[in-house]
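Input: structures, listed below.
Shared chain: chain A. Partners: chain B in the first complex, chain C in the second.
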Partner chain A sequence: MATPTVARCWRCQDEHRPQVFCPACEALQPLPPDIDYFTLFGLARHPRLDEQALAQTYYELSRQLHPDLHQTGTAQEREASLQNTALVNRAYRTLRDPVQRGRYWLALNGEPLGKENNKVPPALALFVFEVQEKLAAVREARPAETEGTQDALAGLRAEMTQVRDDLDDRMRDLQHRLAANFSKWGQADGSSALLSELKRVLSEMAYLRTLTRDVEKALSIL
Partner chain B sequence: MAYTERVVEHYERPRNVGSFAAEEGNVGTGVVGAPECGDVMKLQLKINPQTEVIEDAKFKTFGCGSAIASSSYVTELVKGKTVAEAGAIKNTEIVTELALPPVKIHCSVLAEDAIKAAVADWRDRAEGAGAPKKDAA
Partner chain C sequence: MEHIVGIDLGTTNSLIAYVDDAGPQVVADSGTGQKTLPSIVSFLPNERVVVGREAGELARTQPLSTIRSVKRFMGLGMGHISPADRKRYRFVDDQEDSASLVRFAIHDRQVTPPEVSAVILRALRERATAALQAEVRKVVITVPAYFNDSQRQATKDAGKLAGLEVIRLLNEPTAAALAYGLHTKEEGLIAVYDFGGGTFDVSILRLHTGIFEVLSTNGNTRLGGDDIDQCIAERFLLAELTEALRNDPQVLNNALRAAEKAKQVLSEQEETVLNLTLPEKGIQISRSLSRQEMEAAVEEIVARTLEPCRQALKDAGLETHDIEEVVLVGGSTRMPLVRQRVGEFFGRTPLTDIDPDEVVALGAAVQADTLSGRRRDMLLLDVVPLSLGIETMGGVMSHLIERNTTIPASVKEMFTTAVDDQTAVAVHVLQGERELVQDCRSLARFSIPIEPKPAGVPRVEVTFMIDANGILNVSATDLRTGRERSLEVKPSYGLTDEEVERLLEESIDFAEEDIEQRLLIEARTEADTVLHATDKALSQNASFLQEGEEEQIAQVVQKVREACAGEDYDLIRDLTEELSQVTTPFAQRIMDSSIQAALGEKQLSDL
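Let's look at the complex of A and B:
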């Protein structure tokens, strides 16, 4: 995912760092498809970013790239406007969401989340299976057939609500740890420790998100 | 996502769902997860310590249909195999059997990893003297 550092303008041949418009002649440029998303938005390559600046640049770029504006341009410019728009949208969706951004950051650093990462920490696995057993019990309770046993249903509902709140708390805690990890990048301490911590946090978030989804589903049938 | 017939078949009638009783010996347990999608899989193998043949297998998978089908299929596949043979099973075998599309390949990798983790766990326990550890989760 290394971003080429030099691009050449298709119109005036000027050489410059990859960007949407040629700084010399202002022609719309096809962006290298593997340009890194931070560079694309003119941001420093760092997982902690200024979300307001990101949004602002995004809207600005979207406006400048809008295919309507380039209808009368050359074929290259019309094509570039379409492709850049798609790329900019994808990049924005990735960077504005801390979880997606974190995963992208891992990939940029050559450590995609799924790489050699199939171990679920035992305590987490225990928790996941415990909750899933409860969910199985909910499904078996078959609310439709347990009419008249309102107390039992209310009990299950209370228990599930408790589990959901617990999951929400854990998720909030993980969000804080994610933000804390982002802030530490670029400081003196070795990035390999930060990488593995980032992997741990994002993995746990993924497992808990799946679990939350299943809990919500169970709550909806209770 | 449209599932293939064989996936649906395993998904609707999963084989060998469950776990072995905690006090049952000679069981190796593998718990693995796919952090991209948050799915988790637990595979347990009951192994004859003399012959190293897998006599029974059970699974619990919380995840997509392909992951459930992969683990269900694997429990059938490993029975009667030695741990060495089971450890050599490649996910491509699962992909072919279930006709999994490219986006579902990681689900079959999860099942392959689960076998390896279960075998490793069984070896750990066997080496840790005859006394199996209590916590099987």
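Let's look at the complex of A and C:
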């Protein structure tokens, strides 16, 4: 994903580095649609970032670009404002969430997380098997239709709560591993090891997220 | 400068507001002084239409041709109509297509919900035109945050049918936050709990140096004060009647009004009397009802608002104790039970400083001010309330844009063909959170035209863009040729562009009546101004009157007043002109004397 280096103003034809307003005539510019998100936010291309600075920049960009503030502009400016804001919103949503940022980082490095992500990560196999069994037990108990078996349901609820706490612990652990991985990028040691570790962590997180959703659904009907 | 006004198109009441140097303010009706316009429209057999309180009176005797709470029907298909609604109105039932758009059958006409809403919008526009003494064309209209794409589109259509340019649809809780933000300049995390006549919304916002960032929103577009009225009417009035009477639209309508009135009284008092008297139907019910009894009956309805609150907090990644302020909006929040439950849920006393009926319209006016370019210190970052996706194989919905994504939001999706020489790819757009297509709302269908090529060769990129109104726009580009491909999007539960055009043409008759109406309003406003000035001059400067002059002026004043009670605007204008003329010498004398006085003072101060 290369970021273009030169843009031409739609109004005054000035050529400049891609930016929000033309340095010559101040007209709002359509941003290159394939600009990378880090560059868009004026950040170094690195997966570890300062989240507060990110939010601050997001607010500043919104104040410059948002369609509400260009309502009285020309059709071209209104369109540029709409497209740019949609792009900034998408970039912010991606960068502020470490998991999405990690996946984006992989794609940016030509190593998108592919279909392998749908398989159960080996490290989780046993745990996933146990949780699926418990989820099946909840489905069989048919809590919506059962009356008078409160004790059995209470037992299931306790087990499910335990599972959710387990999931939370594992998720926290993975978040630490993800942050640690992010901070190592750009250092001298082998980036292929970093790459495979990042893929592993993100796959596990994606899997646990789906599992957490199923467990919460089960808890809500118990 | 052209005025952009804000409109709260509510289930029960509608309001119009604008911002001037004194800040945002709601426009009152020049005749009655009322700020709220009841959202009731009555269609008379002679093709005339009545709106507001007068229509409310007609509802007692003509329940089937008088539409209340039309907002509940916006953007719906016949399949969404509840049995209770079927008892109250007559609909055009299309046997062949149960998914067709709701149409009321009134006299021998078919009327769609956007047309009914357009009548309300026109009446509001007249009000603003009279108050601003200027043409009003551009508007911001508020919608429940949880309105889906079809409901939003229907609201936009209503605006178009009323001859208005809807430059923004604004979410109601966000509008309320805007009004409060302006009021108190708060920073921090706030929850807006908006329980209106027909809809419930909750939004969680972060306020940050003039930026109103919506973190999450949730709600129920079919839950409101109407349900509370229905519950009270069924429990305490209709239960005593025979099946036939219970299903009689007139009985039902009167029972609902009695229930609504009792509910309102019980917000102030501990006890009231519930009356339902229809001698022609042999009904004479009068019973006492305590607040406690009513609360026990409606508790479950109020409780149903708390689950969306929980979900919104969860989506924002927050706990109740993170919320620093809770704002109450909507008429239903007048109920002590609602205030109590909301207070308990969030663990703090909710804010009610601004009239819950007016706060949304005031916020809409503030946003209109920003959109007109007059104000740049506030910015709303709102979200889409429901996930947007497309149907994939096996009847499964594939999400493209997740709920609570900040708008405008866009996503690109690549389409190709499955068989050789396929000339089109069908796309079905959905909105909702469930996995299966059948559990989501169908928004629209379109077909991408494709040049015949071997399977998998064509590559067409479709951009789904949710604009700042929360409305979906789609466009397609053929990646091989780089050409834009035009798409014909057919809304599942909406008027097509052609239908809107046709309805607009049909409403030209209406428009002519509207011009008459506007001329009348303008003439009356002008007369009022002159009458007021005359009264003031007579009471303050009577010493400048000459012999017989007072009687002469009084005669013309009387004639103007009589003309204003009628509808002949030419007569009102002529008489107003006459009044100006007879009072001119008198006014001249007053002016001369004040000039002399002013000169006198100046000379004194010069010394």
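The working rule: the second predicted complex is superposed on the first by the 204 of 222 C-alpha atoms of A that agree within 3 Å, B and C clash if a C-alpha of one lies under 4 Å from a C-alpha of the other, contacts with A are read in each partner's own complex, and residues count from 1 in each chain.
As a working rule, a residue touches a chain if its C-beta (ideal position, glycine included) is under 8 Å from a C-beta of that chain, and two chains touch if they have at least 3 such contacts.
Computed from a predicted model, the values in this text were never measured in an experiment.
Of the two partner chains placed by the overlay, only chain C lies in contact with A:Y59; chain B stays clear of it.
Of the two partner chains, neither chain B nor chain C is touched by A:L195. Within the superposed three-chain model, A:P67 lies in touch with chain C and out of touch with chain B [touch as defined at top]. In the superposition on chain A, contact is made by A:T85 with chain C only, not with chain B.
By the touch criterion defined above, A:S203 reaches chain B but does not reach chain C. Of the two partner chains placed around the shared chain by superposition, chain B is the only one that A:A125 touches, whereas chain C remains out of contact. In the superposition on chain A, none of the residues of chain A is touched both by chain B in one structure and by chain C in the other. The residues of chain A lying in touch with chain B in their complex are 113-114, 117-120, 122, 125-126, 128-129, 132, 199, 202-203, 206-211, 214.
Those residues of chain C whose C-beta lies close enough to touch chain A in the complex are 167-168, 208-209, 211, 367, 370-373, 376, 379-381, 405-411, 465, 467-468.
Note for the complex: chain A touches chain C at residues 59, 62-63, 66-69, 71-72, 82-83, 85-87, 89-90, 92-93. Chain contact summary for the complex, chain B toward chain A: residues 31-40, 42, 60, 62-63, 106, 109-110, 113, 117, 135, 137.
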